[in-house]
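What follows is a pair of complexes built around chain A, which joins chain B in one and chain C in the other.
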Partner chain A sequence: MKQLSIVDLSGAIVVVALLALAPVLLNSNYFTGVLTVCVIYAIWAASWDFMSGLTGRENFGHSLFIGAGAYTAGFLATVWYANPWYSLPTAVVVAVAFSLIVGFPTLRLRGPYFALAMLSASAIMQRLCLIFWEYSGGEEGLYGLDPLIQSPLHYYWFVLAILVAAVAILTALAQSHWGLLLRAIRGDEATCQAAGINVTFYKIASLTISAAFAGLGGALYAHYQLQVSPPLFSVVVSITVIIMVYVGGIGSIYGPALGAIMLTLLTELLRTFGEYRLWVYTLTLMLILFFLPNGLIAPLWRRLTERFR
Partner chain B sequence: MSAILEVKDLSKRFGGLTATKNVSFSLESGELTGILGPNGAGKTTLFNLLTGFIAADSGSVLFEGQELRGLAPHKIVNRGVARTFQLTRPFLGMTVLENVVVACLSPRARDAHDKEARAQELLDHVGLGSKAREPVETLPYGDLRRLEIARALATQPNLLLLDEPFAGLGSSEIEPLAQLIKRLHREQKLTILLIEHKLREFMALVSRVIAIDFGEIIAIAPPAEIVRNPRVIEAYIGKTEAAHASA
Partner chain C sequence: MLEILIYGAVSSAIYAMLAVGFTLIFGVARILNLAHGAFYALGAYAAYVFTGVLHWPLLIAAPLAVLLVALFGVLMERFLVRPLRYSQLAVLMITLSVSLAVEQGLFITFGSEYRNVPSFVADKISIGGVDIGGQRLLALIAGVLVLLLLWLFIQRTRLGAAILAVSQDPEAAQYMGIPTNRIFSVVMAISAGTAALAGVLVSPFLTVQPTMGLLPMVKAFAIVIVGGLGSIPGSILAALLLGYSETIVAYLISSSWTELVSLVAVVVTLMIKPSGLLGRRAAF
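So, the complex of A and B:
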């Protein structure tokens, strides 16, 4: 097991301090909102990385868990008028249930079944939202959710605290014997079995952990937007998260989290480019992934701090 | 002595090919037995059937009196049957030590509380102790074989299946590895079943040889007798002639 180095810990403290202070210094509600979305995407990217980055079983439908968490918050608020704080634990439970439904039949198989099942399940959920529009609000979704915390700045800090906790927990797990087993599964499932390891159990368990944090992030997003709609389940969300992971450096947890923050900020900054925005964004991504196939942030951090370890 | 493993009428077909045909044999506890057979005879398939990596069509595998057939591979390992692979399959991107720690995390190895210490002990035992911290990619082939054995031992087996441990090794590497296998057998009273397709290597090692050809057992005898067995000679000479003819 690796020890957390002083260098990594200092780096983490500086980054978190910067993130916490940025909205105070800029003092703009708009920017606080952008940062809130950045941090929620970071939770999604880190949670994707824990399962798929470590085991190598790529999940092309992370939006299933995100949407499940968000809609759970939506239903609780608009159908049951529940205390908004019930959203978070309930969203976690619902997302975990979804992960078991998809994970059980497909993660025992090898091949692309899991990736395809996740992709289809999220697409099906998006369709179901439209088909059962009486309950789900159809295209418009559900709105009228209450904020968890009134002040946007305080809500941002709350979401940031959850990100820090999520990254800390997932990193601790990734560096424990659990993480070693997940990396072994990525290496060679047959060798793992020959080593007496129940590969299916570890894959399903890591998917439920991944889903729990993704669902939590989904509910946090719902209480930020104060509404939920079918595109939360879309494959665009899943692919965006995967791109963030690759840019951040797959398998490192903190890299994908920072990659998500960087790319979400980039999207916002590019608004000044107007209609060329998508072109610039795509070109930037392609350049990063072409020249840095292992990603930008985690490899860069390792290079920079090599000498101090 | 009592039988630790009893295989009865085990069969497996791959499409039209019968890879294992009515194989029956038993192993006494503490025995060191060899499986001999030309390439493609079905030796690895037999190991895959015993360890659950491939499902048998019919027959039974009793280990310590309990049926193994139908169990998942990791469950069979946790009953006490460990194997190595003919083509070594290390976990790339990990250290040599981590490769063994993975197996120390199996339920059967739960008594070893400090997994790293236990893995180091096993590496010392197979002669890889000094390379524990190195990336596994740096190991030469002979060391990878030892690593396979250390990983198998980490699951505390009662029966160890070694699939061609000497294949691809130079003569200077074969002798020490044979010594290691002998030592495991003698000191730990481990029951060992070892595949080899060349006779010479294990004549001095095993007490009994099970000869296989085209998925069937053609003879079971001590090594000195097996080399005089007409069917074994035929299987080998036949193969040699065919090889010459096609060369």
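So, the complex of A and C:
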């Protein structure tokens, strides 16, 4: 397997150091908040990429796991008044349970069918949140979560540490024998099956891992916003994550994470454009689709570091 | 009872118009068009501009709206989708960005508030003691008529035969001298046109606002999955099933549950018979 090169490692250290120091240098609570959201999106994008980027099964309902994690944190805080620290492991467990429930029937499906099934599953959850408003708080959602860590700066560092751990774990998995198998499934599922690989097991296991990190990110988001609401389950969230992965470079884990950070920052900068913001955003996406079909960040990094390898 | 029968038929007709266009472009060109809801919204807004603002008669406004949206669809297919057809995900992403751009464009030009389109037919018609708005009846009749014409067009004309041939095997069709790319444009025009017509027809009695396309598109998805991706009779059958079950659910439980019907139908179909009711291609 490909070993982690010194160049990649030093690149990663520089980026993480920059991210860790940025809020200290800028010293503004607003900016720390923006960066926290960036990093949470990065966790979501990296987790999406692990399953969908490697196996080539595009998951258009990642928000299902994100929302499940966030609502778990919300219920724990507002119904059972649990210690907020319990919400992270519980969110992971719930998201994994969701991935198993959804994964078994849908992962046999091919191409667009899996995408549509996941999209519908997340849309059903969003509707259920509105229908059972007595329990889920309806449109307003659940309020009054406690922050995990009082200081926004410390919370940002905590979330950043989780992102680094998530990217490290997912990259290690992706570069192991496991990742190779997942890529093989993307290449030709029938051949893999013929070679005696338990394709269903690997697909479901990768969806489970992907869901675990998405749920963790959801809980982190809930404890940052201090409230959860049905739009967390919405198709828009899933699609935003997919766009971030696409811009970062599909299948590279670190690319989507950086893509998420870059696009979230871009959205913040574009606030000055007011209502034209989304146009600029979609135009960027179209340009990338046409001129950089492999994405922006990961191919760029590969090209830049080519000569040092 | 009769109420359910009539209202169910109206929503089935609208759903069928949306779903047939959606399944046609998938069946023929393998384009999973996420901008389909945008065509529907554009049709409704065109109806608003032509009849509500410019006060043109319906007989000029409706065809013009359909033509404009069909042209938009053809241009989108030609310049945005065709260069990216090598990758399914890229097609999904580009049609998605078109739909986002359209939604945002409508939002910027018209604002987020609901727009009212003056009614095309003011009279109420009473059928067996049930009062039904002329609008809805018009939508029903137009929908059935369009589907019938479309069926005749595909089954009886040379161009229709070419479309069928391309849907069965694009490469073989090309070898037989069928200009595949031109067929794609024709199908895209039909698909966008029917979606726009559905938008025009519902505009007087449903809310016209920028995000109106999303939910009908999710339902068109649902219908197409239940009926079988790429099968036109399948989508009409599924549209009837969904239109009626939604109306029944709305009467028996509450209208907030109606959207769940289609989504549950999708999940159940995908679990039990992923190729859909009348789909020929297996989903896995």
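Convention: the second predicted complex is superposed on the first by the 304 of 309 C-alpha atoms of A that agree within 3 Å, B and C clash if a C-alpha of one lies under 4 Å from a C-alpha of the other, contacts with A are read in each partner's own complex, and residues count from 1 in each chain.
Methods note: a contact is a pair of C-beta atoms (placed from the backbone, for glycine too) under 8 Å apart; a residue touches a chain by one contact, two chains touch by 3 or more.
All figures in this text were calculated on a predicted structure; none of them were measured in a lab.
Contacts of A:R183 after superposition on the shared chain: chain B is touched, whereas chain C is not. Shared-chain residue A:T282: touches chain C; no touch with chain B. When the two complexes are superposed, the chain touching more residues of chain A, out of chain B and chain C, is C. Of the two partner chains, neither chain B nor chain C is touched by A:Q175.
After overlaying the two complexes on the shared chain, residue contacts for A:N294 are found with neither chain B nor chain C. In the superposition on chain A, A:I131 makes contact with chain C only, while chain B stays out of contact range. Legend: residue contacts after superposition of the two complexes on their common chain; A:Y113 is shown touching chain C, with no touch to chain B. Of the two partner chains placed by superposition, only chain B is touched by A:Q193; chain C is not.
By the touch criterion stated above, chain A contacts chain C in their complex at residues 58, 105-106, 108-113, 115-117, 119-121, 123-124, 127-128, 130-131, 235, 239, 242-243, 246, 250, 275-276, 278-279, 281-283, 285-286, 289-290, 293. Per the touch definition, chain C reaches chain A in the complex via residues 32, 80, 83-84, 87-90, 92-94, 96-97, 100-101, 104-105, 107-108, 214, 218, 221-222, 225, 229, 256-257, 259-260, 263-264, 266-267, 270-271, 274, 283-284.
Only residues 1, 177, 180-181, 183-184, 187-188, 190-199 of chain A touch chain B when the two sit together in their complex.
Taken in their complex, chain B has these residues touching chain A: 51, 53, 72-74, 77-78, 82-85, 89-94, 98, 101-103, 105-109, 115-116, 151-152, 154-155.
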